[in-house]
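Next up: the structures, one after another.
Here chain A shows up in two complexes: once beside chain B, once beside chain C.
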Partner chain A sequence: MSGATETAEIPITVDFSGGLEMLFDNQRRHSVSLPAVDANGKPATIAFLIDYLCKNLMQDPRAELFVLDNHIRPGILVLVNDADWELEGEEAYEIQPRDNILFVSTLHGG
Partner chain B sequence: MAPVLCANCKTERALIKRPKNHAKLCKACFITVFEDEVHHTITSSQLFYPGEKVAIGASGGKDSTVLASVLKTLNERHGYGLELVLLSIDEGIKGYRDDSLETVKRNAVQYDMPLTVVGYDELYGWTMDQVVETIGKKGNCTYCGVFRRQALDRGAKMLGIKHVVTGHNADDVAETVLMNLLRGDLARLSRSTSIVTGDDQSEVKRSKPLKYSYEKEIVLYAHHKKLDYFSTECIYSPEAFRGSARGLIKQLERVRPTAILDIVRSGEDMARLVPGDSPSSCACKGQNTASSAPVEDDIGGCGSSSGRTPGNEMAAMDKQLRENEAHEELEIDVAKAMSERKLNGSEKQRDLPIRNGNSASKGVARQVRGNCKRCGYMSSQDICQACMLLEGLNKNRAQIQI
Partner chain C sequence: MEGDVESQPVADGTTAATDSVANGCSRRLTDDEFDRYSRQMIVPGMGKEGQLRLINSRVLVIGAGGLGCPAAQYIAGAGVGTIGIIDNDVVEASNLHRQVGHATSRIGMKKVDSLITHLKELNPLPTYVPYPFQLTPQNAADIISKYDLVMDCTDNPVTRYLISDVCVLVRKPLVTAAAIQKSGQLTVLNCPPTPQGLVDSEYAPCYRCCFRKPPPPSSMVSCGEAGIMGPVVGMMGVAQAGEAIKILASALHMPVAKNVGDNNTPEKNLKQPTLLIYTFDLESAVGPYSFRALKMGGRKRNCFACGENSTLTLEGIKTGNPDYVQFCSAPAPVVSLAPEERITAAAYHAAKEKGELPDHLLIDTREKEHFSFGSIQGAINVPFGKLLMKAAAIKRDGGPATEILPAEAVKSNTPIFVVCRTGSDSQETVEKFKELGLDNGGKRRIVDIVGGMKAWKQEVDPTFPYI
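Our next item is the complex of A and B:
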């Protein structure tokens, strides 16, 4: 891989709902330019995205409402282009340009 | 990666993996299956009768919004002949309910259902803001919790409606089962698994048509049907969530998604061991209409009613109060049930020594669960907790006026 791809970015949209928008500036939809590869030069996965969001997009100090023990908190659903991420390989799914990733909490009252 | 096809129609792309059986379904098939299962729950437990007027306890949150949407759909599709109305509770705390009540108002238009918002002021003569003015901030949660517990029933009574449905889901029931199991409270566990509470004698019957619906699927249903619901501000605190029954449920689901319904079923099975109750809800398992003894259970209609909001002081206090009262009721209940069984003598099965949270010995039944002499609401005491608190408040007001 050349140096050019290492600095390349993937344009995606990230949505938060079910109360999670509160952790991200009270905004449901965010346009994100995600680095195409992680620190080890591996293609960006959802695991990488989650870490990236915590470090770069989250306004709220309460990261534990989003991740627990380095994984997405149980009770938060992840949809990749409207499909349950369990159908897409979960954390290992490699992010594609123009993907929409939705994080929705089931933990709020109803 | 090639898209997975729907296991049902085999033409559309699968978007959902069902927690209960891992079936991969497309959006349309998922929506149909979800609705069919709720329909099955409703018919097999004979929840409604044609022409019945039913109030949906509506908070604007996901569960009650999905319940309203599904009931409207099924009522039209299967000709239940129900008259559905939305019933919301306003505690009278300035600013607290504004957004959720706005959501419920939009739902009323979207689902073409009449909406009644009943305030604590109408029900009790006091808004929570006034209570706080009178007694101060300390302890006001007690009042709110006690008032909330009766609010839906009282509101339904005002409307002349005898059946309130709430959005309690499988995760809620599993959580309650687990908590009662951890407490060793089998008798209360039995009642908590029942789909209907309140019997022919009670004025208002309550039921939970979404009892077998996973919370995950409720959220996905709302998402794929683009339902308009409101998520309350972040009131769950991670400290309390970690190690809570709710947290445990979600972690179990992560490892083995069927765990939630398994816990619900186990709860029902254990409930059968408890004398005096018939909590099974699904007619498929050879039971008819399930109706357990009335219990003042945790239906708040406000979305902060169950253990999932431990960060909320109000809910925590509410819960504690509820537990105290429930334990008290339970002792009477079990003792009564056992002595009745001995009287008929028809049962060969030996009475199991059912423990409850308080291990104090139980004497002869001293009192049958009855109704409050003042307001008529079911209560193990002559005067229910709400009426006791009101008496104190009203005395206070009188003094202030003098």
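Our next item is the complex of A and C:
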């Protein structure tokens, strides 16, 4: 493993829960090698990850069930290593190697 | 100094009920109480004091369904002194796989009465208060303020936001849970209750702090539509009871007053709540992601309900401000089909019987589980999600629409009829088919069967096994 490869991609796991897995091939956990920087050379953030997931991992065309106006849609919680993303800077959080990012749809049934 | 917990006197009297927990903690237990609660009282940390707190406390269970049944059963068993139950529904056979406080013999009975019948049998000591109607913006504050703690066991966001807002204003801790299909969630909010506008991330959040906006209605389905596994919702209801018992027995919910000199009770502060999520997997045994405990943030400065510039008031709620229904709804669907592109279930059936539809395709877009119970003769099952996926792929990569329809049907002008469960997916499907050019430039009819299989059952075949 060369240093260059390590910086080019960030290995992370991405989990979906509360029904969102349906949009991602019904699979709850995905191993993702995320490009370390975006098109402008900026470090990969959660905003970048969300866009990346829509373009590369989503099987279902109903993207509006995941993003709305380029942001995560209302009713989806984003957790960085099991903590609410607002504790981590929300969309601006810079993804670290081996992070676990969880997307959970809030439920209302009962 | 556990025994010194006192509720703070509040000018508006909204926490009056909370006093009940702290008071009366020194009386003797009756023989009946002593026997009945002995096994939980000897658990370290409970003791006689914890038990008396439960006996003196009042819990409101909102919803007597899949969450409310187990939640009420366990707090009743544990000896919570007063248990109020709100629900306007009646017991149906399809409830019983998960709503275990009801019974086959009580189908058709009001759920509150059915559940209280069960609870009295389990433990006759508590006082049970039935509210056989819906919680509304008009009655919510009056009812909720009579209790020490609220359990949100409802099934819709409109009521969830209403409950939370009122709990903020009358200062009650809220134990909230939800479940659908194979997933459940649970969290404790507003505990200890903190006055509205008192902002500091040290304070516990409300429902709106954690879930600022409801999901769009298109992404929400009810247990009736999407299904629910009994143990998933049951587990969440039992966990709600567990949280409620913990809070009440330990007086964790005693309100935080402004400028209390004593800040040395951090262990009592649930300021950073946990959201428990549970995912049940029909394909594997207990797996690594079955339970997860997620750290949520504290109270939000800009929260609509509890934040520093909040304009939310009880008076406003009563007079329709905010409008909860509107807050949780979305613009009407955009699909609009021409009259000739629609046919009622009865008219479709009649035309078929008369031989006016000799040759046509009938596409049923329900999920395969629904389809497996029965379908109109000759129907081809193309589940809606898959259909959308394939349609998107065809649009993106080109190629024939054979992926969706039988090959020989793609080019011919055989009319296509589309039916779904309740009549909305089928309209969208007609639009999609036209987008894909399956109408052959208007030469082929593509028709939506209005109202779906639900209408088929009502208009054509009352014996149809519709779920």
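The rule is simple: the second predicted complex is superposed on the first by the 100 of 110 C-alpha atoms of A that agree within 3 Å, B and C clash if a C-alpha of one lies under 4 Å from a C-alpha of the other, contacts with A are read in each partner's own complex, and residues count from 1 in each chain.
One rule holds for everything that comes next: contacts are C-beta pairs under 8 Å (C-beta built on N, C-alpha and C of every residue); 3 or more make two chains touch, one makes a residue touch a chain.
Quick caveat: nothing in here was measured; it's all calculated off a predicted structure.
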Inset, instruction - Based on the superposed arrangement around chain A, label chain B with chain C as either clash or fit. - result: clash
Inset, instruction - May I ask you to decide whether A:Gly89 touches chain B, chain C, both, or neither, giving the answer as first, second, both or neither? - result: first
Inset, instruction - Could you say whether A:Arg62 touches chain B, chain C, both of them, or neither, answering first, second, both or neither? - result: both
Inset, instruction - Scan A:Pro74 for contacts with chain B and chain C and give back first, second, both or neither. - result: both
Inset, instruction - Tell me which partner A:Met22 touches in the superposition: chain B (first), chain C (second), both or neither. - result: both
Legend entry - chain B clash site on chain C (candidates 170-178, 350-358, 404-412 or 440-448): 170-178
Legend entry - Intersection of the chain A residues that touch chain B with those that touch chain C: 17-19, 22, 62, 64-65, 68, 74-75, 77, 79, 82-84, 86-87, 102, 104-110
Legend entry - Touching residues on chain B, where the partner in the complex is chain A: 1, 3-4, 13-17, 24, 27, 59, 61-66, 167, 169, 171, 215-216, 218-220, 223-224, 229, 231-236, 238, 241-242, 246-247, 250-251, 253-254, 302-306, 308-309
Inset, instruction - Note which residues of chain A are touching chain B in the complex, please. - result: 17-19, 22-23, 62, 64-65, 68, 74-75, 77, 79, 82-84, 86-89, 102, 104-110
Inset, instruction - Could you pull out which chain C residues touch chain A in their complex? - result: 63, 65-68, 153-157, 160, 177-181, 183-185, 210-216, 218-223, 226, 228, 233, 236, 275, 277, 279, 281, 289, 292-297, 385, 388-389, 391-392
Legend entry - Residues on chain A engaged by chain C in the complex (per definition of touch): 15, 17-19, 22, 28-29, 59-62, 64-65, 68, 73-77, 79, 82-84, 86-87, 102, 104-110
